[in-house]
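What follows is a short report on a single structure.
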Amino acid sequence: MLGNTIGRMFRVTACGESYGDALLCIVDGVPAGMELTDGEIQVELDRRRPGQTPLDSPRKETDQVKIVSGLLEGKTTGAPVGMIIYNVDRHDIHVQQYRDVKDLIRPGHAEYTYIVKYGEYADWCGAGRASGRETCMRVAAGALAKKILAGEGIKVVGYTKSCMGIAAENIPPFEKIEEEARKNMIICPDQEAAKRMIDRVLEIKDEGETAGGSIEIIARGVPAGLGEPVFDKLQACLAHALMSIAAIKGLEFGAGFKVAEMKGSECNDFPYLDENRKVRFRTNNAGGILGGISNGEDIVMRLAVKPTPTVSVEQPTIDMAKMEETTLGAITRRDPTLLSRILPVAESMVAITLVDHLLMWRGYDAMQKFENPWK
Amino acid sequence: MLGNTIGRMFRVTACGESYGDALLCIVDGVPAGMELTDGEIQVELDRRRPGQTPLDSPRKETDQVKIVSGLLEGKTTGAPVGMIIYNVDRHDIHVQQYRDVKDLIRPGHAEYTYIVKYGEYADWCGAGRASGRETCMRVAAGALAKKILAGEGIKVVGYTKSCMGIAAENIPPFEKIEEEARKNMIICPDQEAAKRMIDRVLEIKDEGETAGGSIEIIARGVPAGLGEPVFDKLQACLAHALMSIAAIKGLEFGAGFKVAEMKGSECNDFPYLDENRKVRFRTNNAGGILGGISNGEDIVMRLAVKPTPTVSVEQPTIDMAKMEETTLGAITRRDPTLLSRILPVAESMVAITLVDHLLMWRGYDAMQKFENPWK
Amino acid sequence: MLGNTIGRMFRVTACGESYGDALLCIVDGVPAGMELTDGEIQVELDRRRPGQTPLDSPRKETDQVKIVSGLLEGKTTGAPVGMIIYNVDRHDIHVQQYRDVKDLIRPGHAEYTYIVKYGEYADWCGAGRASGRETCMRVAAGALAKKILAGEGIKVVGYTKSCMGIAAENIPPFEKIEEEARKNMIICPDQEAAKRMIDRVLEIKDEGETAGGSIEIIARGVPAGLGEPVFDKLQACLAHALMSIAAIKGLEFGAGFKVAEMKGSECNDFPYLDENRKVRFRTNNAGGILGGISNGEDIVMRLAVKPTPTVSVEQPTIDMAKMEETTLGAITRRDPTLLSRILPVAESMVAITLVDHLLMWRGYDAMQKFENPWK
Amino acid sequence: MLGNTIGRMFRVTACGESYGDALLCIVDGVPAGMELTDGEIQVELDRRRPGQTPLDSPRKETDQVKIVSGLLEGKTTGAPVGMIIYNVDRHDIHVQQYRDVKDLIRPGHAEYTYIVKYGEYADWCGAGRASGRETCMRVAAGALAKKILAGEGIKVVGYTKSCMGIAAENIPPFEKIEEEARKNMIICPDQEAAKRMIDRVLEIKDEGETAGGSIEIIARGVPAGLGEPVFDKLQACLAHALMSIAAIKGLEFGAGFKVAEMKGSECNDFPYLDENRKVRFRTNNAGGILGGISNGEDIVMRLAVKPTPTVSVEQPTIDMAKMEETTLGAITRRDPTLLSRILPVAESMVAITLVDHLLMWRGYDAMQKFENPWK
């Protein structure tokens, strides 16, 4: 396996599986002199933690994070921040459940491709590294990234946009989104829509099924200038980071797929000068990015989240040991919908990418010798 | 500027602007012993070349590519392949046109963010590196990547899926798509839809406007096993490569945004054994990727393409030198729609990414010491 | 701080400081299906462990390593291998010793440059990440790399070549070096020279001083073909890895600095065909690398190791808080010479680099479609 | 072939062979707003150009460089700088000479390893990419890097330190080295030693042989703070860059191999406060780097340069086509010593590495929110 590191300058490297002893994460590129506590990381982890509402998997992981390096007397030293989360809710009964079906491809899961890639040694226990469990460390690193962003006046907020065709429509102003969204367990700031979404998911859960949906992530306060013009456009790096989350099947920036029906002058965002003579844009079809570079407007992304593939319904499958077709019934614990738990993960990937680009841009920019009145 | 290289092992590095002397491209990671001619690259470049139909910009670039390194007696030597394309259709009159409006932000274009990033030194002439002109070299490198993929039995084909709400619906089998699509200038294999799309674009062009749409790219023959399970999932790297193309505002894999309304068992693709006892899937909602790794089915991507931002309609804008609001009228040459010209670019980015992953996977796999009967 | 990851495909990422809670290491690119135990890693760590002989620092770290991910039932799964080593020999009295001199630059140490780089937040406690303590994880990752190399028939062995002008001259055949070298505490296979070296170091230790020397590392069994011809020549990547070890001030391959006095035909190694009609070379001035690529002969490197900078002698220095000149007397624990403890570190960096190149080469080579009778 | 790019943020990518049509180079990470002309690059290229003195190869390449991108009206735009050098001194007679011996391994050259790696497709004509010809583009990129460094007050100067046992001993102050060294054709600032070196090389040339030697490179003005503490120590990255130059077999920083005979307090450099209350060091055994980070003193490196492997003396070799032993007589043009021509190449690799680290450090540093009085 390759690719357990993301980022160029702000680099997150992680390991750990669903049923391994622990997950580790090493975050490189953390500035010195920043206060940091386990508790601040824990706050974000607790949002992702399972077993909290009827919409989550009943797995009881405390996800207690411990920072073991990079700190001295409560402040970062510049050294990489190392974090450990031990897996605690591992039981022989669950291992046995996995062992019993280890040769069966679970539809919608990664078993088949893992077996093709790693042979019989592919981790069959709780999906190994293909489990959503690995996203813990994305959230831990994301919490650190968010703290760095806060120092730059940047905030990343996500919420559930739709679920099984029920759309959030009554979205409060940015400042209120987080507060409103967290009032319900599907993390949707439109309370009325949230209620309908939750009812629908619980209904689907009762059928032994799971529910798809979509989320929106907004980054506010990103200064104009982030992103590299060609292969590392800001949207390209964000797309890389976001599409690396399992279960995401689609991604839009700004107007997204609606541009396919727009004329040029409908799609273009027209600039104006605000009261501070700062360049702003009247609309945000671009989603805050022009030519691969942030333009100072909100960066707005929408993600399609597939339903959890684990269902209680009998499904056709293949026994890879016997190489014969068979069926697979109900198995183990799962989330009735991934929406609320995927939100902190997606926010984290956005935050990590923004810090990485800040580091790159600041370095490049510091080498430019001229005064730039427009910056 | 950073980020003019893409890929880890198969690496494409490019430079060149709209009104510079030449574009260069260096492709690293090319295997030795492969026949290669300028002509083979040219075939793909000719698909992207402007000035060929009423749907393209009238700019007359011949885009003549010359391979200057990496070949000996018609075969690759393993050394990096270097390519040059000289810009030929540059005229003082156009330079003057750009100079006249160099302080005005062209709505929907990159000027504002470039000025913020590079100050007054930002290339105002034909959009510099933000011009679609840079995509020449993506296509040249893509042609090379496609040739490598052909040797592996992999083919990447794209076509126009929709334009201004008119959708291609009658899609022929994969083998016929390319032939059918190239029968019309909007590169859509549904001839009837194509006709309506073209009529609509020409209508819009007459208004001085431009048209958005969407494209679909399919990669067939990709063996199961490509892609890395965590941060470098195959879809993540494809998303990076594809979202690095200017004008793309949305991206879907397989069922894409439709998963937001699906239940688990509707979304899951069920495996079966085909006549050769090979694992196949009855549906392809996953778009050919499970757990970040190709599963042997077609990799299917859809991209939202925004309308060309250059229009003849008067638009509000800002004069950055005077820092005052003003308007901008008709300027220079443009494509009435980007759809047909963006297709070879998108195919190229997919091909480049696949070769990169083949190199990574083959290296990793060669280090595994066991027999893997499922590969 | 950046740069806590090394390697392109086989990637080692580490964190942890001298007086932090723990050191972590994540190794990416490990093939699946390989048996691996904590004990195998521990064997190599025990070679680097302090407090074992009068030549080492008296610090008592057990350096107990625990693998927490990447394994299932004793075999690697392909997932990244995560390792933890907790720091146990940390005492308030030592912390206080460091606190007392935290504003004083320790000559030959990294304090000054760390303060310039990280300000007052630079880790003053036991040198933080500048401590030799970080090399634990190089050795742990190196043990894993050596195991992979063993499967390829490659072995990396190092020994003390000289110390304070006393040179090892009677070097046994490669197969015997390890056994002979480990017979004495300075790890030198020439027993007579070893005795004189040890006596000299103990004498110097009694003066409150420390001793410099040099080591030689040999990699045998490396197949011809590893290394990339231009910027990533095998010697360039090995030099990067080896010069990243603190205390190394010089590096030679093959004949090394002796080439400065050679004529062309003296320096050239002449090829011949051995009894198996395999190409071999009569001499090895090249140190096993031609044109940046291994030629099948032993890869031979020599490294200059500076004396431990911590001494008991009073030394001039600067108080960075007061910005005034002062002196610094005896402080804390140290190794009288770094030679024996640096050996497993240097071997590890060589092993890590070789695995990385094997992965790159195998991937590239697998894409070449021709038969190569010379490989 | 991989590895034709070097650098993380300031990235140089090159291609081109000895007998190909042209060499290309793309330099990414160039700040905007910098004046730049072909002529400035040419000055450095002319230092490396062959055919200028009896110590060089008689090959007559004009090495005329043309910048084709990244400039607008004489200033950099931030876009990557692309450069072309056409090969002009290619003659059928030389191609035929190479063809005649294409199956023979030239001792000390890369043929054998290239054939192992690329099979019969390895470039046999003038050594392809293994030729010193590729270093043109290192020098071109280095000229650009030097210009950036000049804007930061950093200068990189190299000179011949020894040749065939004759050492330069009378070294003028740094400011005078360049002027004095360029007074003679072996580029040694000790005129008396230079004369003896030249006489010795000409004598050796008359024998049909070639001469080894060593060079020293000094970087002055590097601010304290460059380099990353662990795997990307400044000396590690410099070592990577320098050891990527063919013919270099050894490398030292500061006291180099002399540290092997030093005691701790002899090797340590003691800090003091200069008249401006700036921290300086009384000696420079460290070679300007402590803990992997520059300390503000001169960065001093010495490199062992092997004799040109091409000689006129009959040498034993192998015919790879027939797989039989044979001999190889006099062939083609060569440099009697590489010393003078390798100097601009080595300076360039140092300059490129320093710019890369400046970009990384500046980016990181800009994220630190505290005042650092020691910087």
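Read from first to last, the chains carry the letters A, B, C and D; within each, the first residue is number 1.
In the analysis below, a residue touches a chain if its C-beta (ideal position, glycine included) is under 8 Å from a C-beta of that chain, and two chains touch if they have at least 3 such contacts.
Small disclaimer: the values here were computed from a predicted structure and weren't measured.
In the contact between chain B and chain C, the residue numbers used by both copies make up over half of all numbers at that interface.
The chain with its Cα centre farthest from the Cα centre of chain C is B. Centre-to-centre spacing of chain B and chain C amounts to 45 Å, using the average Cα coordinate of each chain. For the pair chain A and chain C, the distance between C-alpha centroids works out to 38 Å. With centres taken as mean Cα positions, chain D sits 26 Å from chain C.
Under the contact definition stated at the top, the residues of chain C that touch 2 or more other chains are 1-5, 9, 14, 29, 32-33, 78-79, 114, 117-121, 129, 229, 360-361, 364-365, 368, 370.
Interface residues of chain B, counted against chain A in their complex, comprise 1-6, 12, 14, 105, 107-110, 112-121, 129-130, 134, 162-165, 204, 207, 209-214, 224-225, 227-233, 235-244, 246, 248-273, 277, 279, 282, 285-287, 290-295, 304-311, 313, 315-318, 320, 323-325, 360-361, 364-365, 368, 370-375. Only residues 8-9, 29, 31-34, 78-79, 148, 151, 229, 355, 358-370 of chain D touch chain A when the two sit together in their complex.
Against chain B, the residues of chain D that register as touching in their complex are 1-5, 9, 11, 13-17, 20-24, 26, 28-30, 32-33, 66, 68-72, 75-82, 84, 117-125, 128-129.
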